[in-house]
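Both of the next two complexes hold chain A, though its partner changes from chain B to chain C.
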Partner chain A sequence: MDRIRALLRPAGDRNLNRLHRRQALVSVFMRHIQLIKITLFCLGYLWMLALPSPRLGRGTYIDENALGPGQVNTRWNWGDVANADRYLEQLEGLRDSNATSEQHAKAIMTEFTKLGIPASTQNYVFTSSTGKLEGTNAYAVLSSPRTSGTEAMVISASRISRVGEGDGTPNLRGVATVLALANFLKRYSLWAKDIVFVVSDNYVDGMQAWLNAYHGEAQSNLQAEELELASGVIWTALNIDYPGHSFSHLGIFHEGINGRLPNQDLLNSFHHISRWTGGVPVLVYDHLESHQSHIPSWIPRSLHQEIRQYNYRSKNVFRHIGYQARGRGSGVHGLFHQFRIDAFTMFGVPANGPHGFHSIGRVVESTLRTTNNLLERLHASFFFYILTTPERFLKIGSFLPSAVLISVAMMFGGLKLWSDSAWIPAATVQLEKEGDGEGSKWIQRSRPVIPVLGMMLSTHILGGILYSVLTTSWFSNNQTVASALLFLPVATLPLCALLVPSQDTRIVAPVSQLLKALNLCFASTVISITTVANFSLAMSLAILLGIPLSISSPSQSLPLRVIKYAAYIGLGLGWIFAGEELRKALWDWEILRVWFAPFVCAVYTPLVLQAGLVCLLPV
Partner chain B sequence: MLVSLPHLLLFLFSWTWGTLAATPSHEEVVGNFFSKNGTPGSTSNHTNNWAVLVCSSRYWFNYRHMANALGMYRTVKRLGIPDSNIILMLADDAACNARNSFPGSVYANPGRGLDLYGDNIEVDYRGYEVTVENFIRVLTGRMEPSVPRSKRLLSDAHSNIFVYMTGHGGNEFLKFQDNEEISAFDIADAFEQMYQKKRYNEILFMIDTCQANTMYSKFYSPNILATGSAEIDQNSYSYENDPDLGVSVIDRFTHYVLEYMERINKTSHESMADLFAYYDPAKIHSNPGVRSDLFHRPLSEVRITDFLGGVAHAEVDTNTNARTEMDGAWAWERLGGARVKAPRVPAEDPDVAKDTPKARQWRDARAWGGVLLVGALVGWVGWRK
Partner chain C sequence: MKLSLDFGVVFPVLVAGRLLVALTNISDALKHDHQLSTPLTSYLNLQEGIYLFKNGIDPYSGGVFRHSPLFLALFTTVLPTSRTVSSIVWTLSDAIGAWALVQIWRARQRVAQTSRDGLIAAIYLLNPYIFMSTLSLSTSPFENTLALVSFMFATQGLVSPSLLAAALLLQLSLSSILLLAPLIMLLASSPVSQLASPRAFSGNGKKMAPLVAEFAAYTAVLTLASALVSGGWAWVPQTWGASLTLPDLTPNCGLWWYFFTEMFDYFRPFFLMVFSIHLLIYIVPVCIKFQYDPLYAGFILLGILSSFKSYPTMADQGLFLSMIALFPETYPYLRYPIVTTLLHLHAALLMPLFHHLWLNQGTANANFFYASTLVYACANGAALTDCLWAGLRIAIGEPQEGFVVAQE
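Right after this comes the complex of A and B.
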C-alpha cells in the first residue's frame, strides 16, 4: 500500500515531479512517434475499409413524433391512375411533335389551370462558358384550404430524368404523376401547408432557376423571370422520377450539392410508407441486392452471407462518396438543400413491373400526409449519415474518426519535422569549440518560414490562375488542346525550384524540410475541417494526400528528383485530362455553384504541388 | 269551568311534543340523516363534486391526449357534474386543426361513433392558458380578482374533487405544452395547500402519462386517493389509430377506464375497488398503480360516483365555530393570498357538533318552558270561553 502511495505521490517538490513526469511522457511520445504515425495511418485506412461492414452501423428509425408515417388510409384509386394515363398520352403527343420547352410548359400550365389551380410559367437563361442555356418551367400553387399558407411543400418532376445523370431520357411518367396528383390532392381539405407543383425544364438547371427566383437569390449568370405566384416557406420537397414503363423498386437519391444531405427522418418515413402502404420495396439508389454473386469456394460458407452484404453495402457507400465528394447532387432534389429544404428523389427503377401509377400515387399521397403533419422543420434525427442499405446507416461518430485519424497522423508528422528542423546533432557539425555536458549534442539552427510560406502561396496562386483559365469559354470550346496547353506551364513552372541554391544546413534548416512540415500541417488542417462539412471529400483527400504527402522527400540525384516530381504532378494535375468529368465539374460550378472545381484547383492541386516541390528542392 | 275535550288533547299533545323534541335535537336528526348522504351504503360525507381535467399537450399528433381529457369530460358530465363544477384545461387545437379530416370533431374511437367535441363543450383554459401556473392557481384558489367564477375551483371542505391529468411525462414530472413541466412535488404541495385551506374533503387523482405513478409518489396530504397508468420506467401507450385521421385517438389506460365508466350511471353502487380490479396490465401494456395510504375509507366502500358523479347533498351547519372558521378562511382569501398559517382541522369531520352537558340542560329547560307556556296559553283561552 505504501509502495503504491509512494509511486503516486513521490517525495520531493510536487511541481518538479510534475515537470519530470511531463518530460518523460513527451520523450516517450517523441521516441515512438514513427510507430504512432504508422498505427494511426493503418487504423484510419482500415476504418475506411470497414465502413461497409454489416457489423458497423445501426438500424434506421423515425425520431420526429409529429410525422406518424404510414398511419393513414390512402384514397388514390384507379380513377386517378386513369387520369395519369390521360396526362401521359398528352405528354407523349408533345414529345412526338418535338414541342419546345415553352410549348411543354404552356401545355402543363394549361392543365393545372383547367383543374382550377393557379399556375404559371417561368423563362430563364443561364450564360456560362459553354454558351447559353435556356428553358421554361411550369408551376402551380395549391393554397392550403384552412391555413394562412405561410408554409409549403413541393412536389416536383424535372422534364429530363436522372437516368445516366440526366442523359436526356424524358421523365414523362414523373410529370404525368405530378399532374394527376394535382388533380387528386385538390379534393382534400386537410392540407395544413400550400402544395407547390413544379415541372422544371431540363435536368437540374430548370429547378436551379426556379428556386433562385422563389427565394429571391441573385446569380450573376442567370436571368430568370420573377415568379408570378408565391407561397410560404418550403419545408419539404419530393421529387418524382419515373422514367420507365413500370418499376420494381423505388430508389432513394438524397445527396445534395456541396455534400449536404436531407434530414434522415424524411427518408425513413418514405421508406416506411413505401414498404407498408405502397407495398413497394425501397433501394438506396438503383442498386439491387444480388444474392447470387460469385464467391470463391475456398472461403468458408459461413462467411458468404457477410461477404455478400459487404459487397452490396460497399457499392452504396462508394456511390454516396462519389456524389458527396464531388459535391454533385444525385438529382434535382439536391438543389433544394441549399435553401435548407429537406428533399429527395424517389426513383422508379425501370422494370417490367409490377408497380406503376397506382403504387407511386399512394406512396406520394401518404408521404404528403406525413410531411403535412410537421409542425416545424425536420430537426430531430440525423443530418450527417451514410445510408449503407435502406434500413441501416452509419452515424457520424462511426465514420468521422477514420479521416480524422489520418489527419492526426499527418499533423504529428508535420510537427515532428518542424521541431526536428530546429536542431541538428552536434556530431555532424564540426565546431571549433567543444560544448559542455549533454546540451552540446544538439545545436539549434534557424528556420526561415517566410520563403516557405511564399512558396506555398505561389502554388495556391498558380491554382487560382489555373481555375480562372478553366472557366473561360476558350477552354471549354477547345478542351482537349487547351488541357494540354494548360498542363505544360503548370507542370513546368515549379521546376524553377531546381534553381534554388542549397544552403548551409548547419546554420539554416533546409527549405524542403520546412516546406514538407508546413505542407503536412496545412493538409491535415484542411482534412480535419472538411470532415464535418463534407466527409466524403475529406475521406478522399485523406486517401489521396495522407501517405503521398508523408513520403515526399528530396534526394541527391537529379533524375530521381524529377521522377518523384512527375509522380506528384500526375497525382495533383492528372485530372486535367479527364475530359468529361472536368467538363461536368465546371458546369456544376458555373450553373449550380458546386464548390468542387474551385476547391480542387485552389486547394488540392497546390497541396500536391507543394509535395512535388519538396522533392525538387535541394537536400 | 269545564275544560273542553279538544283543549285537553291539544295540551297533552304539545306537552309530549315538547318532551320528545328535547331528547334528540331535530337538527341532530337531520344532520344524521344527511351525514349518511341519504343513500344507504355510502360512507362519504361530501356535499358537492368538482372535476379538474387537464390535457397538458398540444399539437396535432397529441390528438389522443385531447381525446383522453374530452372522454373524461363527457363521463363526469354524464354522471352529473355540471359544467360549472368542471374546470377543463385543453390545448384545444385538435378539433379545428387544419389537418383534421373531420373538422369540428374529436373522436376517441377509430370507428368515430361518438363525437366527443359535440355541441356543448365548455373549455375553461384553452391553448396557451394551459400552464403550470394556471393549474396550480386553479387548485389553490389564488386568483386575480378579475378571474371569472367559471374559471375558479370554488370548492370547500365538503367537496370531493376529481383531478385528471394527461400528457407527456417522465419520472416525477409532466410536460405542459413542450414549454414547462410540473413536478410531483408541485402537485403534492398544491394539494397540501388545498388541505390547509379546507378546499377539499377528498381528492381522486388520476393521471395517464409515461411513468405516471411517480407523479403521486410525493403526496402527503390526507384523504387523497391516487391512480396512474404506468410505473416508473414504463411508457403509457396509445390504444388505437384512426387511419382516416392519421393519428392515435386515445391512450390505453384512459380507454379502459372510460370503457368501465360506460357501465356506470348516476345511481351505480360500483366502488373504486371494482374499478381498480378492472385494470388489466396485459391490455393496458403497462402496470397501473393505486395509492390509498393517505385515504381513510376502505376502497370497497368508496363509490365511483363519490368522485365522478354529481351527487348533490345538503350541508347542515350546526356549529357556530365552523361558521367563524369558514369566514376566517374567506377573509384570508380576500387578503390576497398572504401566507397565513391556517388552523389545522382535525382529520375527522368537523361538522358533527359535539353537545356539551351545559347546552343540553339549557335546551331541556327551554323545552319545558315552551311546554308550560303553550299549556298556559291553551288553558287561558279555554278558560275565557
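Right after this comes the complex of A and C.
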C-alpha cells in the first residue's frame, strides 16, 4: 500500500516532480520521434493495403425502414417486354438511317406524346477549348396522380452507353426500356412523386445541360434551351444502361463527379430488389468474380479462398479509387449528385443471357416503388463508404484512418523539423571553450518565415498560371508541343533557387529546413482535410506525397541537387505528358466542373515543387 | 532582402486593392455564409429590416431583424443601401480599423512613426477572417472598427470620443460591455507597454467613476435615440435580448448554437444564464492580473469574447489575431505559435468544407459542422492561452540555463 502511495505521490516538491515528468515524457517522445513516424507510415500504408481484405468491413443493410424494398408485387409483364421490343425496333431503324441527334430526340418525344405524357426536347451547345459540343435531349414529365408535383423521381438513359467510358456504343435497349417504362408506369395511380423520363444526348454532356437547365444553374460555357416542362425537387434518379443484347448481371455504378457518392440505402435497396424480385445477380461495376484465378501452389490451400476474395475486392476498390480520386463520375448518374439527388447507373453486363427487358423492367418498377415511399432525406451517415462487393462495404471508420495516419506522420515530421530549426548545438558554434564536454548546450537561432512563405506562395501562383495556360484553346489544339513548351519553363524556373546565397546557419536557420517543415505541415493539412471530401484523392495524395516529401533534403554537391530536383519534377509535373488523361481531366473541368485538374495544378504540383526546392536550396 | 513597408505606401495600396476585390461579385457568394455573418450581423437581414422600416412596418415585430436601430437610422437617412456603396462603406470601415490599429501601436510605442506601421496595417487588412467578413457585408467589421477606434482614442487620452465609440459599440453588440473595464483603466493610466515590469495599477482610481458616469450618459442618450428611431422599445429584446436568449439557432462558428439545439427546453433558461455569466467572470481576473497594462487586458478579453460570445463571426477572432501585432515584445515567450497557426489553418479549411457537406451537398449533418467549430474553438483557445501565458511570462525575464518557469 505504501509502495503504491509512494509511486503515486513521490517525495519532494510537487512542481519539480511535475516538471521532471514532463521533461522525461517530452524527451522520450523526441528521442523516438523517428520510430513513431516510421511506425505511423507503415501502419497507414499497411491499412491501405488491407482495405480489400475480406476481414475488414461488414455486410450491407438497409438503414431507412420506410424504403421497404422488394415488398411489392410487380406488374411488369411480357406485354411490356413486347412494347420495349417495338420501341427497340424503331430506335434501330433510326440508328441505321444515321439520324441526327435532333431527329432522335424528336422521335422519342413523339413516342412520349403518343402515350399522352407531356414531352419536349432541349437543344444545347457547350463551347470548350476543344471546340463546340451540340446535342438534343428529350424528356417527359408524368405528373403524379396523387400529389401536387413538388417532388419527382427521374428515370434516365443516355443515348451513348457507358461502355468504355462513353466510347460510342449506343444504349439502344436502355432508351427502349425508358420508353416502355413510360408506357407501363402511367397506367398506375400509386405514384406519390412525379416521374421524369430523360433520354439525354451523347454520354454525359446531355445530362449536364438538362440538369443545369432544370435547376436554373448558369454555366458560362453552356447555352441550353430552357425546359418547357418542369416538375418538383428530384429525390432519386435511376439511370439505365443496357448496351448488349442480353445481360447476366446488373452492375452498380455509383461514383459521382467530384468524389460524391449516392446514399448507400439506395444501392442496398436496389441490390435487394434485383436479387430477390428480379432474380438478377448484382455486381459492383462489371467485374465478374472468377473462381479460377491462378494461385501459386506453395501457398497453403486454406488461404486460397481468402486470396481470391482479396483479388476480387481489390479490383473493385481500385476501380472505385480510380473514379473517385480523379473526381470522374462512373456514368451519367454522377451528374445528379451535385444537386443532392441520389442516383446510380444499373448496367446490364453484356452476355448471352439469361436476362433481358423482362428482368430489368421488374427491377426498375420495384425500385421505383421503393423510392416512391421516401418521406424524408436518406440518413446522412450513409454517404461515406467503399463497396468492396455488392454485399459488403467499408464504413468510414475502417478506411479513413489509413490516410490520416500518414498525414499525422508527416505533421510530426514537419513539427520536429520546425522545432529543430530553432536550435543549433553550441559545440558546432564554439563561441566559448568552457569545456562543457558533452556539447549539451544549445543556442537559439532565428527562423525567417516570411521568405519561406513567399517561396511557397510563388509555387502555388506558378501552379495557377500553369493551370490557366492549360485551359487555353492554344494548348488543346497543339497538345504535344505545348506540353513540352509548358514543361520547360515550369521545371526550370525553380532552378533560380540555386542562386540563393548560403547563410550563416549559426544565427539563421537554413531556408531549406524551414521550407521542408512548412511544406510537410501544409501537405499534411491538405491530406487530412481532403479525406472527408474525397477519400480516394486523399489516399492517392498520401501515397504520392507521404514518403517523397519526407525524404527531401539538400545536399552539398551540385549534380546531386539537380538530380534530386529532377526526380521531384518527374513526380510533380510528369502528368503533363499524359496526353489522353490530361485531355480528359481538362474536358471534365470545362464541361462538368470537376475540380480535379485545377486541384492538381494549384495544390499537388506546387507541394511537390516545394520539396524539389528543398533539394535545390543550400544546406 | 529588406521589404520596405512604408505605411504611406502600403496603406493606400492595400485599401485600393481591397476596394477592387470588394467591388467584384464575390459578396453575393459570401453573404449567405454562416461563418461570416450571424442573424445579428447579416447583411440580408439588415436589408430586410430597412425595407420594412421604409414601408412603415415595425421591423422588430417579425423576429428577423436584429440589428440596432442606429443602423436603421444610418441607412435610411445618410447612406444609400445599394451594393456598390455598401462595398465601399464596408471597406472604408476596415480602412479606419487598420488606421486605428496603427495609431494604437504608435501611441503604445510613444513615437510618431515606426517601420512596423505598414506591416501592422497589412496584418489587419489582409487578415482573411476580417477580409472575408467584410466581403460578406456582415456588420461585424463595424463592431471591430468601433472597438479599435475606442481603444485608439483611449491610448491617445481622448476621453469623450473613446467613451462615445464604446457606447456606440455597446449599441451594436451587448457583449462588448466586457471591454468597458479595460477601456476605463486605459483612460486612467497609460498605453505604454508595462508587460515586462508589472506593478500596481498606476492610474488615478478616482478618475474612473466620472468616466463610468460619462459612458452611462452616452449609453442612455444613444438608447433613447434608438427608441426614438424605432418608435418604441421593441428593439431591446430583439437586439440586446437576442444575444442573451438566443432565439435564432442558425449555425455559426461559435459554441452556443449546437448546444442549445440539443437541449431540452426546461434547461434552457438555466444554461442561457450560465453561458452569459461565464463571459462576465473573466473581466475581473484579467483586469486585476494585467492592471499594469490595460490594453493587454482588453486584448485578452477580446479573445475571450470572440470565442465564447453568443453570436460570433470569424471577424471577431480576426480582430484578436490581428491585434497580436501590437505586442511584439511577447513573441519570444509564445510557447506554440506553430500549433496555433496549424489549428487555425485546419479550422479555416474544415469549417467551409463541413458547412458545404452539410448544407449544400447533403452528405454530412450538423455534427460535422459542429465538430469543425470545435476545432476552431480549440484554435481560438490555443491562441488565447498562449497569449495569456506570454503576457505573464515576459515579466519573469529571459530564460536562464537550468531554470524553468512553471505554472502552479
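As a working rule, the second predicted complex is superposed on the first by the 600 of 619 C-alpha atoms of A that agree within 3 Å, B and C clash if a C-alpha of one lies under 4 Å from a C-alpha of the other, contacts with A are read in each partner's own complex, and residues count from 1 in each chain.
In this text, a residue touches a chain if its C-beta (ideal position, glycine included) is under 8 Å from a C-beta of that chain, and two chains touch if they have at least 3 such contacts.
Quick caveat: nothing in here was measured; it's all calculated off a predicted structure.
Counting the residues of chain A touched by each of chain B and chain C gives the higher count for C. Within the superposed three-chain model, A:415 lies in touch with chain C and out of touch with chain B [touch as defined at top]. Of the two partner chains placed around the shared chain by superposition, chain C is the only one that A:532 touches, whereas chain B remains out of contact.
Of the two partner chains placed around the shared chain by superposition, chain B is the only one that A:373 touches, whereas chain C remains out of contact.
Using the contact criterion defined above for the overlaid structures, shared-chain residue A:424 touches neither chain B nor chain C, since it reaches no partner. When the shared chain is aligned, chain B comes close enough to touch A:144, but chain C does not. Once chain A of one complex is fitted onto chain A of the other, the partner contacts of A:191 are limited to chain B, with no touch recorded for chain C. With both structures placed on the common chain, the touch criterion links A:66 to chain B but leaves chain C unconnected.
Overlap of the chain B and chain C interfaces on chain A comprises no residues. Interface of chain A with chain C (complex): residues 15, 18-19, 260-261, 337-338, 340, 377, 380-381, 383-384, 411, 415, 418, 441, 450-451, 521-522, 525, 528-529, 532-533. Those residues of chain A whose C-beta lies close enough to touch chain B in the complex are 65-66, 68, 71-73, 144-147, 188-192, 369, 372-373, 375. Interface residues of chain C facing chain A in the complex, by the touch rule stated above, are 1, 3, 338-339, 342, 345-346, 349-350, 353-354, 357-358, 360-365, 368, 401, 404, 406, 408.
On the chain B side of its complex with chain A, the touching residues are 59-61, 97-101, 103, 241, 243-248.
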